Each structure stands twice: as C-alpha cells, then as structure tokens.
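The chains carry the letters A, B and C, assigned in the order they are written, with residues numbered from 1 in each.
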C-alpha cells in the first residue's frame, strides 16, 4: 500500500509543481510564436509548394524584387529587394538589374550575379522539378523548358546583370521574382537527385531571418539576422512557427498566451476572443472564394472521350435557378458573419479597378428558382416531391471534402435548400485526395470547392473552353465569347483597357453562371497585442514580418 | 524458428497486399503538384520521377527487389528515404507506448491485487464498476474532456505538442519537466482504457485461480494465504495475460492514432494516416511494414516469456 | 419481495408511453396507409412514385408499435428471455432497440431539419422557440398529399418560420436577430385561420445548424446499431465459414487460411480500415464491409480450434461411425457446442464495431450518409465545447451507455453459457 501512496504523491507533485516553473517562459519578450497547421515539408524555395512554405522561405531567401500590397490602389506594388535598381530597355524585352552589394550569405560569401543566374538555372531545370518549373515561358527556352542561360543572361559584373526576354512576350517584374539561392552551396549536388540531396542545407541564407532550428512536426525556429540590411534594432529577435494541427488547440493556446498569432479564425469565436484584452483581431478582405460546381459536361460521356452536355446542369437557366434556390446569405451570416461577401464572379472585389460593380448578387428566392426550372421543363408531375423532365428526375450527389467545416456547413444548408424546391440532392463528404482526383477528371456531377485568386489576376486556366489550355476549368464551361475575351486580356497591357475587358468577362460569367459562386472569404487573424507594426494584407500575415517588434 | 519464418512470410504478404491496394485505388500522388500557380507539365515530370507512369507489374517487380535490399524508396512528401522518415517518428512512438504500457500493466496489477484482497468488498465492487466505465469510454471522449478541464479551464497542462518551443533554452531538469508535463494528458488518455482491460482480465483470472482445486490443496498443506497468492496464484494468473499484453503492446507501437491526433503528437499513427491521405505510397508501405514487424516481434517475445514462466511453474510445482 | 419489474413489463410500458404521446402521429400514419392503399388501386403509377424510405419508415413503425406488443403477449414462450428482471444493461439495450425501430415516432422531427439558423442555433436543452406555422392552402379535407405532408417529416418546411419574437395585430410581424419581417402574401388571407403561432420545443437543445439534438441522437442510434449488426453479421459469416472450413478439412487449406488470418492479425487494423475507406470512399456500405471484414480473425480462430477439438472427441467419432451425415453432424452436434463462444465473441465484436465507427467519424472518415452518427456529433461538438456543452455531452453519453451495455451484456452471456464463472 505504501508504494502506491508514494506513486500517487510523486504524480501529485509533478502535476502541481511543474506548471509553476513552466510559467515564466512567456515573460521573455524577444520572441513571437505563430501557429501553423502543418509542418513544412521543405523550406527550400525550390520545393516550397504550400502557401505557408512560400511565406516562410521568403523570410530566409531574398528575391530580386519584393511585392507589397498597396492599400490605396488595391494592387501590388513591386519594390527593390536584392536588386538595388533596374532599368528596362526601350522595347521592354530586356532589363538591367543592379544588385545590392551588402548582401551576405550566412557563411560569409557575397550574393552576386552568378547566384542569380544559377537560381534561374535551378528553378527551370526539368530534373529538379521545382515549384516554378515550366513557368518561364517569357524567357528563351530550350526544348525541355530549361532556360537558355547564354541567350537570357549577360553578367556585367558581380553586382550587375542583364536579363533578356523573348520578343513580344510582355515580361514584367513578376517574372524575375524568384528567391535567390546560394550557388556555392547548391552547385555541388547531382541535379537528378537534387530534391533528396539538398535536405539539411537550409542554413546558408541571405534573408532577414535565418533558420535556427527545425524540430520536425513540432516547430520551426527562425532568428533575426542582425547583419541583414533589413534588420532594425527593434526587429523581433526570434520567430517561432509552432505546428498545431487541431483548430481547438490553436484557439486554446492563443487564449493561454502560448502562441501570439493564428490565421483563419472562425467567426463564431470572434466575440469570445475580442473580449480578451490582449488579443487583437485583424481581418483582410479575401481573395479566396467557395463555389458550388455544376459539371457542364456529362461525366460518363466525358470519360468515353466524348463531349456531351450534362443532362442536369448544361442549361444556364437551371444553373441560375440553383443559385436563386441557395440561401447564400444565411450561410454567409451564420458562418462568416461580417467577414465575407457574396460573390458574383471569379474576380475578387479587392481588385477594385477590375471588379464589375454593376453586378448585384442573385438573391435567395426559391419561388423564382422554381419558376425558372419550370420554364426549362422541370416540373413535379407525379407529385412525389421531386421535379422531373422527360421522365428523368432532378437528382444528384453533391460531394465535398470531408474535414472542412466551412464546406460541411454550406453543404448542409445547400442540401436542404435544394430539397425544398424539389431537387433530390444528397450531400456526401469525400476524402480530399479522392475528391480532387474526381473533380480534375470531370467525374462528378456537383461538388463544393474553392479557389484562391492569384495575384495578378489570371483567368485563362479556369475559364477557357479548351480543357488542355485550361486545366482548372473543372466545370467544363464552354463559351466562345469568353475565349475571345480571354485571348484579348492575355495580349493587352495592364491598365484601363484590360480592366474593361475584365468587367466584360464578369458580365458574361454572371449571365451564364457556369458554377454558383458562393462567397468571398476574409482571412481573420487573431494576434497578441505584443506584436507591434503588424499589418495583414492579401499577400499573407507573416509577409514583411521583419518590421514586427515586440511591445515591452 | 519455424514460427519466425512464417511470420516473415506473413509480413511479406501484407506488404504486397498494401502495395496492390494502393495501386488499384483512386487518388493520385502527383495531384499535390497540380495548382494554378504551377505548370501542368510539372505533375507529369514528378509522376515520371516517382516511377508511377510505368505499368503496375513492372512497378511491382521493382518494388519487390527493392524490399529485399531493404530499400523502401523515397517518401513523396518528405523527399527523404522512407527509412529515415520512419526513424524520425519511431523513437517517440516507442517511448510513448512503453510508458503507457508500463503504466497500464503496473496500475492494473496493483488494482487487481488490491481488489482481490478485498474480494467482493467495497473496493472490489467500486473498481470493477469503474473499470467497466472506463472500458466503455472512447479515448477521444476522454481526451477532449481532459483538455477541456486541465488546459482550458484550469490552465494547468499544455493542450498539445511534444514540448514547448523554447525547450532548447531550458536546463536539463526543466527540459525533462517540460516533456513530462506535455506527456501527462496523452498518457492518461492512452492508458485508461488499457488499465480497465488489464484490470478486468487479471482480476477475473485471479478469481478463477483462487477457486481452483490445487489452491485448496495448498492451503490444506498449511501454506499461508500470502504465500499462496505470491507463489502460485499470481504467476498462474499472469501467464495468460502475457499474450494479451504482447498483442496490446504491438498495437500501441503501431501508433496511438486517436491520442496523437487529439494532442498533436508526432507518432507513427499520424504519420501513417497522413501518408495514406496524401497518397505517399512508399511511406504507407514502409509504415505498415514497420507496424507489422513490431506486432510480430511483440508476439514472439510474449510467447518466449510465457514459455519461460511456464517452465518455472512446472519446476516449482514439482518441488 | 415479490414485486419484480421484468423486462417484459418495461418493454410494454415504454411502448405504451410512445403510443400515448404520439397517438396523433400513429393514427395519421394509419390513415395515410389507408389512403395510400386506395391510391394504389386508383392511380398505380403515382402511388409507385410515392414509395420512399421516409414513408415506409413511418408505416412500418406505426404498424410495429401495435403488432410488437401483441406478438410478445401471445407468443409468451418464445420471448421468455424477457422475463428476467430489469438490469441496467437490459434497460439500455431496450432503449437502443426502441430508438432503432421507432425513431420516427419517438422524435417526430427529421434529424436534418433546420431552418432560420440565426434563431435556432446552439439552443441549450429544454429551450423552445417561437414559430409561425402557415396553414394556407392546407385544406381540412384529408387528401393523401396533404396528410403525407403532415405525417412524413422532411428536412425542410416552407410552412414554418422561426423567430426570436412574434407580434400579432392586423398583420404578423416576426423578428430575427432584431430585424423585423412581415408575414405577407400577395393573396389575401385570413390571419386567424391561416396562421398558427406555436412554440417548438428542443428537449436536448440544438446544434450549430439549429437541428434537434434529441432527434439526431435517436436517428444516430440507427447508424450505430445497423453498422454494428450488419458488420458482425458479415464477421460471423466470414469467420465461422472459414473457421469451419479450415478446422474441418485441415491440411493445406487449414494452414493457408491460418496464415491469412495471421497476416490480418499482425496488420494494425485501424490502418487497414482507414486505408480502405480513404482509398475507396466512405459510404455506409463500405464502412460496414470494412468493419465486418476486419473482425473475422478472432472468430475464425475460435471456430477453428473448437472444431478441431470436437473432431477428436469420442462422441463425434461415434456419431460419424454410426453413419450420421456430415450435414446433420454440423447442425446437431457442432453448432450447440460452438455457439456459446461465438455469441460471446460477436457481442464484444458489436461493441468494437460501434466504437470503431464513431472513431472513424471522429477522424472525419465516417459514414457520409443521410443520417447523423454519434461520432460525427462528438467531433462537431468539440469545437463548441466552451459554448455549447450539450452538443458533445449527449452523444458522448449515448456512445458510452451503448458500449457499457454491450460489455455488460457480453459478460452476462458469458456467465450464462459458462456457469463455472458464476459465483
């Protein structure tokens, strides 16, 4: 019996005493802890595939130019980073870039033009399969999409180089925006097995932060590089990305002060969080939207290499009726609260100049929906509660990714909305990997999904009729007028003309309603008031975090 | 020896089974490389370098020959050899499950002895009832409940993770305390169910043996009850427990999935499930192989132990 | 103490209770059944289109609630197992059984029903909400379709509006989130006759969609029980057939099957389940098949070893020598002997399956079906644990009691078949 009491007391002592000695660690004022959902798989910008990996790797490796969200114009502004200045030639086919000469790699080497050319070489190498592979179509390429280095680059001196583009390719600063890699480190690896060999070589960096420690599946610890030209005396000394997969744990730790920042806070927690003094909420208007996809093509026929219209969703009238029938306002109100907006098309309202303000969201009106469906021939003649046309019932399965609470919420409501107008719909969650594959191979009739609109706007891959050129035209939407517009947009230079084309495009999409656009989703970030100079933009929340400092 | 050989055959069959299951299933590992910002050719390139564009029989032959040279390939997600990825996750799982296993066994042992001493008394009945309760409580309910109480309401214990992020700056003692603190809730969550099972099993066994004839005989010989319990009843009750415990330990080693998910721990369970969900084929095969191997080893050890105890028993009886 | 509450009386009183409380519904469903039969004769094709699971469910449970007590009463002997006195396990088992069969009568609300989320979401237990029910165009004449609308509860209802408060003078104004709305219509209507202001009562509160948790709990029992029963059925068929086959024929078949079962035993079952569900979809059928398939090994071992033991027994050999055919041997000699351990194994397997199903739902891989499952309720309740404890407590309790019941039942049966264990 004695043994047991001893055991009990030992445990009791651990439970009571240890928390108290653990408490004081949060007093340290030189670090900020950011919650992330999953561990990074690579911090090398070559293989940083997720948004979060890109954001972290950009803190480690500098690019020639950096982008900043310009609130007043609501567009992206580029400013020099590793490049000191640049100059386009007269016909915009080549640019002379002068580099800063005060950038050092962590091991003392200088960042030079050689590094820049080497980086372009790596990024476009087909053996390496980097994140940017195949996107350098404005450069001179050889047959397997590798940049032709001789034609493309002229090195003037260690801190100056000329980059040549193909004629009429219309290049911009976004084309030279790649994080620069250290040549003296990465040139020694065999490119065929580069992805495996580069592991663990992320200590030689040039950014405002360097990788101090990476505890796999637990945390990524960055420290400020005091020698960096971006470093200021007040810059936060240590930045910790802590992996917390579970949403509720993130919220709990935010409240307990174990973390200082988390993204994608759900609306229903906002009231509780704002009540806590030390927590601030910042939101940024979204460039991410959810939509209900209606397959314009017939799935069975498509997979037999034939194109035939979908029996249910090929008519624009039906699709518009479905939009009328879905109570988007309720989903928005109840799930996103004030942190979202009804969508009318694929161009985000944050692009103020390109957005078409004449389009008003289709309101919730089940009566109107029934009317439209009846006009198209869908009526409930046999009184079984389900509408039919030519003897075929209007019934389908709406698939969505399991484990996504927002989609689950929407699916629950959409299902009941559509049942109420006599459509037999079943909402079924699907494992995300399977769902993705089935959507991409056009095997599903209807699904819920979302897109993040890229900056700058790029519409062709999503809405062009030719599915080879538009791999993300998942609904199989086809409209020659849209094709013409998209081709024109591709050829025109940014400015007013392009914006007019964008607005025309939105007009057609609005009338055709190829999918039901649900809503734009704001990113709500909750952070501790210890972080000063915090600014969230559509480019992300840790963007420019070398400006952060910690309040004392 | 024969047993070992047949176990290895079983393991091999299992790995082949998983391989075939993966190849005939929907889902595509290269979908991760399909996004609007990436070039569509990239996914094809990646698929090529994973060797997924070759016919399945060819892949299978390649796979088998690799297995025999101990090469499980390179994980698609981590871009590291599978063996390396697993060796990053395995130590945690082994330590975590051993701690939980030892706690399960020792606590249930103490409780069973305690309640058999007070057979049908208050303690016995109370323990029996509570063990039923904990047996019927799913671990995810326990875990959520514990986090709610100790982390959210009382702010006593951390809600998730293996350690604090600043664990490196702590002294050795503090670091140890930090790990311990993070482990309290997960270990409780993982162990309660097992304690209930082992307790029930042990208690029933003890009860049964007490009622057996030879115990009566022994007390007729004039041995003290204490001695009978210690020398005869307990060893007899433990030997059937060993094989149950062996199975349980094997299952623990393959990852306490639910507990790992709730507390965000870096164990084999989550590794395997994430590998399945992201279609990281080599890693899935590697993980199942590792789990199967551990289960088989645990069973073998249990068998050996049992044989040893039995021999001693036989000898003890003869004397 | 001669007064002993037997399970029989408990069952009667529970059924009677439902019958009294839901008499209106039972009556209406019978009326509907009558009209439906008439419809079959008058307009066959329309009637055919009417048959769906919801309607059938109401018919069946209304008929059963009358027939079941009668059958138990008249066939007293075959239901003698009900004559034991009530224990906690039998009580829980009965509640589970009744929820399974009479779900539509017990709750009278569709588990997926939700409307006006802003008003009805996250209501604590025992709360009620103001509602306006429109009777417009709902003539008193009991035509089939109107009655059907009254009986079969759908997941939507155009006639019902929930509101925070309702003001009635010359018009009806209702308030949602502080905003006033006017109940209006282009057609002139009679306020007194066409609209009823009522309250909707939520016994166990509502979830984040304003769905009735009590209804979801009761219908959730269907998922758990049917997944449990169907999977153990599959387990039973697979395990006992293979076990019998292996034990009976011996030799190479035996060693092959034993190896296969070894293989599945050394496979971490949860991964096998997740692997298959992740790869091949999570419909309720695939879950039943996977769960049923993953449990056959223990049963296989039991049956196989029992049969091998039996084969060596004297009376078996004698019977064989006496010329009893194999088939007869199996049914008259083997089945009674092995059934005890098989039943005990199946009962525990039932508990495991229910637990596994809810764990899968908790991981987000559960039955993506029309019915809620307890595991998924717990999972969604987890996010609301600080604000709406009832969302996680009740499904947690339901799951707990079910598992508890299965365990106790298993132990009781074990003792029943193995009197040696009885003290």
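As a convention for this text, contacts are C-beta pairs under 8 Å (C-beta built on N, C-alpha and C of every residue); 3 or more make two chains touch, one makes a residue touch a chain.
None of the values given here were measured: they were computed from a predicted structure.
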item: Dominant interface by contact count, named by its two chains; value: A-B
item: Chain at maximum distance from chain B, centres defined as averaged CA atoms; value: A
item: Cα-centroid distance, chain B relative to chain C, in whole angstrom; value: 32
item: Centre distance in Å when chain A and chain B are each reduced to the mean of their C-alpha atoms; value: 37
item: Inter-chain centre distance, chain A versus chain C - centres from mean C-alpha coordinates, in Å; value: 42
item: Two or more partner chains touched - positions in chain C; value: 278-279, 382, 385-386
item: Numbers and ranges of chain A residues touching at least 2 other chains; value: 248, 431, 433-434
item: Residues of chain B touching at least two other chains; value: 26-27, 152, 261, 277
item: In the complex, chain C residues that touch chain A; value: 45-46, 49-50, 52, 112-115, 117-118, 121, 145, 154-156, 158, 208-209, 277-279, 281-283, 364-365, 368-370, 380, 382-387
item: Of chain C, residues touching chain B in the complex; value: 259-260, 262-263, 265-268, 270-271, 274-276, 278-280, 351, 355, 358-359, 362-363, 378, 382, 385-386, 392, 396, 399-401, 403-404, 406-408, 421
item: In the complex, chain B residues that touch chain C; value: 6-7, 9-11, 13-14, 17-18, 21-22, 25-27, 132-133, 135-138, 140-141, 144, 148, 152, 204, 208, 250-251, 254-255, 257-258, 261, 269, 272-273, 276-277, 284, 287-288, 291-292, 295-296, 299
item: Residue ranges of chain A in contact with chain B within the complex; value: 3-4, 14-15, 18-19, 21-22, 25, 28, 31, 33, 41-42, 47, 49, 126, 129, 131, 133-135, 145, 195-196, 199, 213, 215-219, 221, 240, 242-246, 248-249, 252-253, 255-256, 258, 431-434, 436-438, 440, 451, 454, 458, 461-462, 471-472
item: Residues on chain B engaged by chain A in the complex (per definition of touch); value: 26-28, 31-42, 45-46, 49, 74, 77-81, 88-89, 110, 147, 151-152, 155-166, 168, 170, 174, 177-178, 180-181, 184, 261-262, 264, 266, 277-279
